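What follows is a group of structures, each given as structure tokens.
Two complexes, one shared chain (chain A), two partners (chain B, chain C).
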Partner chain A sequence: MSTLEEPEVEPDGLDIDAVHERLGDRVLDTEEHINAPGIIIRADEVEETLTILRDEFDFDYLACVSAEELPDRYETIYHLKQFADPTRELSIVVPTDRDRPISQSAAHVYETANWHEREAYDLIGIEYDGHPNLKRILLPDSWTGHPLTDDYNQDKPQVVSYKAHENPLLEHTKEDDGETMLINIGPHHPATHGVLHLKATLDGESVVDVEPDIGYLHRCEEQMCEQGTYRHQIMPYPDRWDYASAGIINEWAYARAAEDLADIEVPEYAQILRTMGAELCRMAAHFLALGTFVLDVYGEFNALSMYAIRDREKVQKLLEDLTGQRIMFNYLRLGGVAWDIPEPREQFFDDTRQFINEDLPESMDEVHDLLTDNEIFQLRCVDIGVLPPKQAKQYAATGPVARASGIDMDLRRDDPYGYYPELDWEVVTDDGCDIFSRVMVRVREVEESAKIVDQCIDLLEEWPEDEREIQANVPRTLKPDPDTRVYRAVEGAKGELGIYIRADGTDTPGRFKIRSPAYCNLSTLPVMAEGDFVADLIASLGSIDIILGEVDR
Partner chain B sequence: MSSQQPPTELDRNVLTKTRDARATGVDDRFNSRLREAMGSTPFILTKFDKFMNWVRGSSMFILQFGIACCSLEMIHAMMIKHDVDRFGAGVPRASPRQADLIIVPGTIVSKFAPRMKRVYDQMPEPKFVVGMGSCTISGGPFQEGYNVVKGAEEVIPVDIHVPGCPPRPEALIYGIAKLQEQVANGETSPVVVKPYELEEFGNMPRDEIIEQLSDQINEDDLAMRYNWGDSP
Partner chain C sequence: MLQAVLQTDTVLLPERLVDLLRLGEFGVVGEFIAGLIAAFLVANIMLIMTAIAGPWAKRKIRARFTDAIAVNRVGPAGLLIIIADAVRLMSKEIIVPEGVDRPAWELAPIVVALSALLGFAVIPMGSGIHVADPEVGVVFVFAVASLASIGLVMGGYASNNKFSMLGGLRAVAQNIAYEIPLVLVAASVVIFAGSLQMSEIVAAQQDTLISLGVVDIPMWFAIINPFAFVLFLAANMAEIGRNPFDTPEAPNEIVAGYQTEYSGIYFVLFYLGEFIHIFLGGAIIATLFLGGPAGPGPESLGFVWFLVKIWAVFLLTQWMRSAVPRVRIDQLIEIGWKGLLVLSFLNLILTALIVGVITV
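Here is the complex of A and B:
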């Protein structure tokens, strides 16, 4: 079944000739990326070109912006997609001069480009002309140098300034109206789910402006992956991006990109194992999202957060049986998985069925009883933290956040991979656009994941014993051809988790860029929170379900 | 409604027993086996310091402080199933001013280290630190990162290291129990390495990098200087 792993590379329905004709002289040259055709344009025609593509060719989704340094130039690649059909992809490549790396900003065409370009400026050093707020985003403001460039000296000392927190009332009150004040939420604050800093400006109790300040957990994941060899050394790191037990999904993102790059076919049996593992991970991640969200809106250690953690423990037990670890699974290998279902197989199947068919429906009843049917909870969440679909698309929100705004996109169905196309399940959407919808989408996705796991268990149980192939033949050292590029994504627990890799002919990637769903989803926070009360800001933040490891990478 | 029904035999018994106990001043609830073991006198003799150590070790208030992956296992250690509160160390406090114990659960990067130092400074004495996971020992899997502080000890003193990536909740509980044991025995002396301190920018030795930043940072602003070249 060759259709399983390799989705068609040629985007069907995209008339590339029409694009060329419309863009005319703006097309300097073309190139082929594994996932999409690439069009090279001039650095001062970015805004114009992207506006045409957005308005006339329906490329309403800027999935990722990856910047890199090449021996003779700097390059920014805008990975365009369509929300209606994410397999229609187009890469816009913008080369810039080595001496003066200045490129026109796309932030006025796609809101999401704002953060992506700040990151590119921070790590690579490309300057974006016309960018509304071009300053460092992941590293401290006082950092010197751009670390993902070749001439960066890592041993050079750095100084990080730390201004003492002054009385915000004195220092930040605007001269002309004494009404607003700035409060810092985080970086150490129980409601920020880790180390996030929100600069919130309040007028009385309403939020007039909020700016997420990230980078408190920027632990150089891209550098680590660029140092590792494809075959084994990269795989442990994805577990540490979205560490809310979504490890197998993250590993799959890397595996999918690298397998496309090296042309590896994954056996069907391994695909089922991957699918089952990924859905167990999704359940664990959504339980955590639910548990921490009720902590945010209800207060410390209430019953529901305990129940959510109890259910997580059960999933983690199953995942531990399967992979050997509770959180950092390192279960996938390029071309397959590390090992089969543990012996005795019947026991694993029984345990999983017990959880899926007996325990889970019961705890879902509890969730609906305590949470979603609860009048107080509804008062707190309905019509608050609204994210209209148009803005969700502009900010490239994906995953439950987008689906709760009525955007019907799920890569498991729309850009099929693994064993998902063969299974019977639904994509959950809700058009409430508010906090309540986002919570509901997650709760219902847990039920859908359970359906998938149940079907996988049946398949695994009936699979003939001599055809249990868990690993394809993969060369010991992988050296993809130089200058091949691929951007591949999977549906992570938080949304589209994409990996861009440029091979440089060696056994390590030349550039490894992670498109993090939580990063893009977090950038929608100002849309949700501005105008609401400060307490609703916390609820909105909780409903986005960020994991800082994935935001900062 | 039970209050409208006549009290049953059982209710009457309970009420009477409690009332009697209160009236005579001998409440059953305090007649524990420990009390029996102490004989007729309700007093014990001990050294004050020893008593205080025992009290401290038996009631640890943990700072609610999540950084990275390890904080999930920390949550699991505090919640249902593992429940570190069974050992008298399970009350998470959101404010550092109410906490005795800070668990450092994750990778510390350059932007966060000064903030963590400040949080640690805000805790009242005596305070204790448990470093959770490989990142707080050496930087762990991210040790080679350009932005990663090579262990929590570079910034704050650490009493107990719990290795693992991440450690299981059981391992964390064992680490906390070991710390409690140390505290109760009056044995704590944290490992102090701490090459990185918050200091005023103006007091830093002038060199190329300081000159370069002098127009960005005020003389009297606090800053932390990382000498990455000297790190292990």
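Here is the complex of A and C:
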């Protein structure tokens, strides 16, 4: 039985000694994370250190900032990567004092640190010195305490006096200065795709300033995962992050991190099943993204959004056959998948081929006919909502949003996992940087995903019957060694979906942090929308393709 | 206006009613009562059509475009949904937000609905259904139809809501930009027909243009001047605020604009007004370009042909709605002022030249 070799995580090409030499005394100590070498630095040298790493060592991608509370200290970890090669990773660990958890902010080096540090402040309570806007992001402003700390009492009710909450929008309804008008788009608004609040300042019809206000759908996913056991109890949660059909990809993100942590090898056959399931999910998610985006630009009674939903339904049907569920698949297991292709296998292969080879090309023609060739659509989308590559990198945009800005990064190819390296497919990029490119990238990615699924189907069909191993041997209870840390990501439907886990020696994670792609992509909205019209703001928001369940977690 | 009515040789609906109900002996009072009855009849025709269009036909048409099924549970082919929806809509609570400008806020839906209904007074619907036929019929119908924008801006401004405000302002900007081309294109038809009177315009389209064997191509202005017809269709889309020009509502941007704060029967009035506006647009198109109630068969079938024509225009609006993206407000204004206005002037001048050459 051959097993797929996990690619080496050695930062090949990254000269860690040169980094040490350049940083000199700033390096207090080093540690080894499973995914990357870690460098411990002082809390007041964050900005300086990160600037050096960004400018001189090409670490232009701050993938994630995870903060946590340890028995004797608070810690912030900056997970650095390179857009050119995301396997070159470096973790910058910034410990802070328990009594005075103040750390220098990285928001001036990486724009994306702004939201990540706000979240760390909100949930852990580390204060970031020099942060431009350090206030709560997921929880309401009136919240007391930081829920992911040990001394936080979950049973104590959050008492908010009626007086304090009499008019929750009071601060947002301040007098307009005469020139501009502040409007609250959301939390209940047809175009926010969920409960999102955009504080938009308009000058006439054009957007002067827009600030996303998130957290309405915060469901303590990280905390729930920290309370679940690795082996079985965490896997159902990822389905609930990006719940718009991308469930299997989310599960894979957790599976990949946990399998690295516990050193589990996944059988090759299971990898193919995972790859196929993930790509079916990606297609369904992109169809939904297309459908809802079209709603924002066309209006609510248009044919194309219904066609997209119709096509998604076909994928959904296949996924239902495969996993037994429509949305909350719960299909992956650590070390494999829940079950094999349903019997009769030929039926499933035929249905999938029918969709890939006959239905899909037809509906793609329809999409191009109705959407991308439509002149009014082009009028609305070309050169609107521009996200320059430089800004995209600063805000750590990933997935179709980044690829539409010409950033050629796709973890399926650049940080290979699953069965992707063995298959023949291409990474779709576009240099337009505008809304139109983002739509086109998604449309073409659906076609690439179809190619992958097609190849997986062929492989699965020809696989010898006695080698169909869907599950590796995994101990009933997983207890990874204490203080091992891993940050692992997969290419989600929206971008890099990463999981950071610190094991604490028990059968539940000590810290479980989700790097949500939609969260980072949403933070680029001001760049896209400011200066455009309010209608473009809505179109830009639609083109980012956010799922609030993933943004707020 | 009454005098104008009496001067024409076509028999109008009130006159028929005077004869039918023997109201002649009451003099002017009798004519007035007959006029009221006629108006009541026409308004009810329009209300019935809206009732069919809004809750049922619109859903069914859209379902055909989008591979859906739409209403099919209540009654045969879902037709009883009309009654269910009417009861539902009328029994809803009227929520009056804080700080609205009450008189204007309550007047706005009535203005919108009434202005559209008023336009039908001068439309010849065939089979003798024609309430009034003033000499300035074309001017009258455009004048009352554009009263609706006052209703929209009233509703938008009085709602004390920023989305509504934006919607109201968009509505005004849009109507100004598109009414001028609309009237200019209509003027080219007037030049052809040589009259502003609706019955004259219809009469001018009765002749046969070319006879192709058994089929006679009538002298409809849509056939004589298709360019003007297309211009008028486009400007009409903007005038009635339908895709791709539904920016004043744009639910995904400004949450239905001027009607955000309306509920219950006020909301029904707004919706009614919009649908009647679509039908009025269809009626104007039918009268100016498609020969009004003209069609094969006996003259008494005129009303049927008229209905077919305005429902065809309604179908077109629903088709556009299913297939075309919404343009942005600045693009819309640009298309109006830089595109349609110039083209409609061109059309007017060309028409004037051609008509001048022919008559000389």
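Heads up, the rule we're going with is that the second predicted complex is superposed on the first by the 529 of 553 C-alpha atoms of A that agree within 3 Å, B and C clash if a C-alpha of one lies under 4 Å from a C-alpha of the other, contacts with A are read in each partner's own complex, and residues count from 1 in each chain.
By our rule, a contact is a pair of C-beta atoms (placed from the backbone, for glycine too) under 8 Å apart; a residue touches a chain by one contact, two chains touch by 3 or more.
All of these numbers come straight from a predicted model, not from anything done at the bench.
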Fill in: More chain A residues in contact [chain B versus chain C]
B
Worksheet item: Once the shared chain is lined up, is A:538 touching chain B (first), chain C (second), both, or neither of them?
Response: second
Discussion item. Which partner chains sit in contact with A:100 here, chain B, chain C, both or neither? Use first/second/both/neither.
Written reply: neither
Worksheet item: For A:157, is the partner it touches chain B (first), chain C (second), both, or none of the two (neither)?
Response: first
Discussion item. For A:181, using the defined touch cut-off, is the partner it touches chain B, chain C, both, or neither? Pick first, second, both or neither.
Written reply: second
Worksheet entry | First (chain B), second (chain C), both or neither touched by A:232 | neither
Item to complete: Tell me which partner A:368 touches in the superposition: chain B (first), chain C (second), both or neither.
Response: neither
Practice prompt. Mind working out whether A:141 is in touch with chain B, chain C, both or neither, as first, second, both or neither?
Written response: first
Worksheet item: So, does A:310 touch the first partner chain B, the second partner chain C, both, or neither?
Response: both
Discussion item. Taking the superposition on A as described, I'd like to know which of chain B and chain C A:298 touches: first, second, both or neither.
Written reply: second
Fill in: Common interface positions of chain A, toward chain B and toward chain C
189-190, 300-301, 306-307, 310
Item to complete: Please give the residue numbers of chain B that touch chain A in the complex, ascending.
Response: 64-69, 71-73, 75-76, 79-81, 92, 94, 96, 106-107, 109-116, 118-119, 135, 141-142, 144-148, 165-166, 168, 198, 201, 204, 207, 209-210, 212-213, 216-217, 221-229
Discussion item. Taking the touch rule as given, give the residues of chain A at its contact with chain C in the complex, in rising order.
Written reply: 181, 183, 189-191, 205, 295-303, 306-307, 310, 370, 374, 376-377, 379-380, 533-536, 538
Practice prompt. Please give the residue numbers of chain C that touch chain A in the complex, ascending.
Written response: 62, 65-68, 162-163, 166, 243-244, 246-247, 250-255, 318, 321-331
Worksheet entry | Contacting residues of chain A [partner chain B, same complex] | 139-144, 147, 152, 154-164, 187-190, 193-195, 215-221, 223-224, 227, 236-237, 240, 243-245, 288, 300-301, 305-307, 309-310, 312-313, 326-328, 548-549
